[in-house]
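Naming follows writing order (A, B, C, D, E, F, G and H), and every chain is counted from residue 1.
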């Protein structure tokens, strides 16, 4: 039991470090909201470079979590997994945003695996440390929050065409989600947030189109 | 008791399928928000065709719900009816939207009955499976959400006259609602949402009118 | 016990007075929401003058709190410190807002100490009455609430450039918070409020930029 | 809606009267706990006579509850049925206790129907006012409470054989309950109460047997 | 407002004193649980003498409560009456217990009025300070708690007949409560406590009778 | 996700059947509380025969629980394991009781494994379906409840020597438990129940010894 | 009669007499409370209707509204008159808790109508002046707390009024209401209410109502920035006229 | 190092310096709190062990128990010594909340041992007298509240002690404990605690502990009524002896 308690402390310590790195990347990526269009790519690259540190921390984490105890319940209210899931979702979201900024497309599962250094549990068969499918989906929802904000700030920065591209991208994401049978849970609830973000982005596109500020529809 | 438990499982299973079909139709109809004016009709037709599947599922559902037990309370917090009401509201909304897109008018109760394959409980006397009046009203409110979104996206797509027609339509709907003595909190609360949608659509009409983008007021 | 009870009554009495002064300053500063741009400075100065009264009351308070008993637990649910922490946070927020209005920059710890007449417990070593680091952080979060409201009302008053300056300021504050290893749930929870305020302010900047109402981006 | 409100008031009024009668019968039956063995029969008969009044009230109630609206939900927290279920359970328990006292056997469903003047919904098909199976089961559980008390008081009154007969009776009841598939609900929870009562009665039998106070085991 | 605030403080002060006296009487009456049968009467008399102090305090209280403002609401959650109702219930219970100990009968309303120095509001017409009917009923329920404890401790003190007399007395009280049309949830809920106390006392009587420790049933 | 939902339904169905069999065995074993000493063996044998059905159901269960997902969390509040743990504890208790009745000794882990058809996870290394050590301990605690009841009813049935043997057996069990370092709150709490049962059985032994009803101490 | 029969079952001791007395007393008390609760509900309901009448200011003249309100007020007045016998003497405070909602909603309604007519805040005694008996005496008093809570709810109605005004192209009304609410909030803030007290909780609602009105004013400014105000008002009124003509009101 | 790198990302304004300072300050505070919480947990855990030692009075001699307790107390004393540097000055009260459970359980344990030895109530300064440094000064104080709450919990241990005594055929001990608890309850009742205060809540537990002991005394009387006390004690001790011999303790 003492061993378990020590391990939990160690995990908490690592997660703290991991969260600090995520906050650093957040600060970098936040830069896009007040950047000129030409600066976006550099910011995205700088953020992606930082993922070597993310990778390193997730892997340290993966090493101390005992084999097959990923979801082990520690007490009535928490599991090992609960300690880091928030951080994992955050770093996934940051990865997805950075990849989008660079190439205006979805992050692939392979890319996420490379950036994070751990596999995604696509077939529900992984025994070792992994990113769950739910965690991956949560970070795509987070991405739409970030993109609705980015659409608005692009207009502020005079980039009138970007919202139109973002709108198309987020609608694709939304249609993808429609293929899933979401249970009435946290994920379904947050899914409604995508709809809200789509509407917001459409309004930005509307404002721009109405005033004919964009170069071509 | 065992029979009841089995029946409930079966109902849940059917509703799950039913929701999947609704999501398919949603994806189809979502297309109108980025479609050219000339493509709308085809989209509406394609969505209406899918209603044969809706009909089939509602009817399967109707057959396993025991006679007169539509509102039977299963336990303290839920009734048979609660299992499918969300799905029924969704498919009603989709039907109303498709009909609107095709002919720019309200869906009639007869049409809804034909599309869904079950009757609407207009006279409060139906013993068998039915669409309740509240469910019908909820879907009209959902319709205004969709229309306010459509008004905005029409402008984006260069169709400047549509918002004016939508505005007129939604106001008629609003006037209709004012004839009701709403008591049910949920319905009244959501009714305020119509007002918000009207306001939003009116703003679009103003925006277009002020810039003289429409061909005639 | 009787002595303690008397002291507690006295502290409550002083805090009541202190809160009254804070409310007076709040009423003064609320004036900025309906003021012309040119009147802001005078309002800020008037508010700052009132801080002589704040100082006086905090110092009276500091004198009756027994040495080293700042955090003394009075019963299971409250401590001496709990009696006044709300008031201290309020007056800190007011000070930070007034300084911002005057010079559009952060209040320094030195300024806060001068205005309040008590030190900030930066090194966790103060034995006498002090402002804790948590209290200071809470008041910076309060400040962002006030600034998001101010951004909106500035536009109503025709000052289209101010929201842009506010937006930049609040983003800096947000990046600052990212340096902290927050643990205290309350603080972390409220920190999310900053993000919300940033988004609100960015929307104001968007509305202004879209319509090219500002003089220069 | 006003009609419904009036009806609800009327129902409340009738249930109040109904409860008053139940309290009268309770007072009569409570007499057995301090009665001589020879007086029991007379008390039971007197209680059963009072059921003409119960019958009369339930039937008045049945007449004003609108057809098929037995379980109609009036608002989020209550249904018509909730107004009287407590009273119905009480009068069922009293009937079962009186019949037991008279003939030391279970009340039959027919007897309960005759005494109450309304049918028991054995086949889940009744549209009119009825006693539900759950309500019947609850009153059997109540009966075991009353019997465990009666076993104790019989000893006090010098009737040392009665606890032995009660013990046998309650065990039969318990075995009967084992045939049901109880869900994890109110009924299952209360079912554990039967076990407790059996143990209590067995202890009384033990006390009597140990001291050889009973005439024959 | 200040006058009211002062009056409230004064009332609180008096009630505090009043409660102190009640605690003293409680300590005196608690003596019966470890007393020899022969000492009971003296304890009861000593407690009743103390009621001159109770009377004096209630009357002081009665004098400062403004005319007709007995139930005056001070804020949404408390009324003048709420400040002292607990103390009044306690002193009523103590009076009822003392009278019972002395003469093994119910306190009469007249006795309670004499001991407390204020009238009971039987006809719902008193304008001045009074004991409400609910308060009287609450104290009778409290009395049964005390008596069930007394039944147990009497046996420890070797008085085997007392539990039998207590049992009879509490059953009478219970039958009396059955005459009431209880509505107030609090009262009805606590009424169930009487049943529990009756059962406890009956178990004591059972233990005594089984072993034939009592002199005559 | 769909596969998982189906599997859960199937598990629930199987557990329901499993519980029905346990209730049947309970009814059989309940017979010992009113049986003559000579009938006990036959009852125990009859109960043990029924375990072929238990075995069959547990094994069906074991087959549909996916490999290594025994403790998989299904949603925030429940795990696969939670669905059947209650039933497993019940059937373990019944097995232990039947073995005791037959041979007045502890069930061995091998016997339990044979009767249930699944292994006990003694070395914490089983990946497949198993009985956990906690579940085994819970059923031993349940056994003491049943034995304290049996001790009392044996006296009623005139078997005065049995309580003495039971007492010895339960004390051994208690000493065994004291060797464990219990941490799990639930288990520790229930462990106190053993002490109560020991005390109750000792009282029976005293009662019998004092009256010299037993043949030898 | 039926009560007599049943009381005979209780053994003939002092208990029977005692509890019969207690029962009658309790029944009377419950009955009165029930009547007060009913009247309070009715007054609340009718006051809400009064507020609905007020909101028709968007499409009607002030005179027409005040006239209709005066009719509705007669019904409410009668309800107050009917209940006041049950609220005399000590019973005023005894049952006030059950009457509180009615007083608050009535305050809210009267304050809303007053704002529509004069654009200022009604005083407590001005509300009570509507509750005079034949001899011109006030027959009921509203507590300070109910008055304050009613006024707090007024801010919700004013928020709705501001939003509706925008729909009619009225730009000045929201700005007026915004300033009125700011002053009201300042006055409330000086009341020094604890955050968890009833007033403290209402202040959160007031704050959010004010913020909604501020957002309305903001939106007006932003939208008004792109074209002349007069032009905007013309479009709006044209538009409402054309949609009105369809339904003929 | 890593902190320096990251802070460069924040634009060079006053904010960067400000927040770096704030971070270091916060980290230190969180760290101290963590250490205090750990020590409090350890002290609670060890004090519970002290109580377990006390309960062995049923099978052991008082001397043996006090000796074992003294050994265990050394560990607890060291924990108090280790933590006291973090509880000096203003920090005593700042982190007291996190230390409170430890103080309460320690009070409970010391009070239980005292009752076993002398049958009376330990005083607060008698507990503190165990916490002296080399120069004989108290290095930690227990608050009145923690003392009172610890004593309230003592009643639970005494209840258990009473029940265990019965198992050993000891009839006088439960009666003694019953009277001790009655006196303790009377003293607590004079503290005038509000029902919802921490002490008020504990009083409910105390009441129920007293009632359990009263039930024990009652059961002893009832059972004792059927045969001579001496005979009962003989049977009990015979029985315990025979069961002990089986397990050899």
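Please note the rule applied: a contact is a pair of C-beta atoms (placed from the backbone, for glycine too) under 8 Å apart; a residue touches a chain by one contact, two chains touch by 3 or more.
Because the structure is a prediction, the values reported are computed rather than measured.
Path length between subunit C and subunit H in the chain contact graph, taken as the least number of steps between touching chains: 1.
Common neighbours of subunit C and subunit G under the contact rule above are absent. On superposing C-alpha atoms, the copy subunit A sits rotated by 85° relative to subunit B, to the nearest 5. Annotation: the subunit D:subunit E pair of sequence copies touches via predominantly different residues, less than half of the used numbers being shared. Ranked by how far their CA centres sit from the centre of subunit D, the chains are topped by C.
Averaged Cα coordinates give subunit A a centre that lies 60 Å from the centre of subunit D. With centres set at the average Cα position, the gap from subunit D to subunit F is 33 Å. Computed centre separation for the pair subunit F/subunit G is 64 angstrom, with centres defined by C-alpha atoms. Centre-to-centre, using mean CA coordinates, subunit F is 36 Å away from subunit H.
Counting only residues that touch two or more partner chains, subunit D has 20, 24, 27, 181. Annotation for subunit H: residues 6, 9-10, 226 touch two or more other chains. Those residues of subunit G that touch subunit B in the complex are listed here as 163, 166-167, 223, 226-227, 231-232, 235-236, 238-239, 242-243, 246-247. Across the complex, subunit A meets subunit C through its residues 16, 20, 23-24, 26-27, 30, 33-34, 149, 152-153, 155-158, 204, 207-208, 211, 213.
If you check the complex, the residues on subunit B that touch subunit G are 168, 171-172, 175, 199, 202-203, 205-206, 209-210, 217.
Within the complex formed with subunit E, the subunit G residues making contact are 3, 6-7, 9-11, 13-16, 18-23, 25-30, 32, 89-90, 92-97, 100, 143, 145, 197-198. Against subunit C, in their complex, subunit G makes its touches with residues 178-179, 182, 186, 189-190, 192, 211, 214-215, 217-218, 220-222, 225-226.
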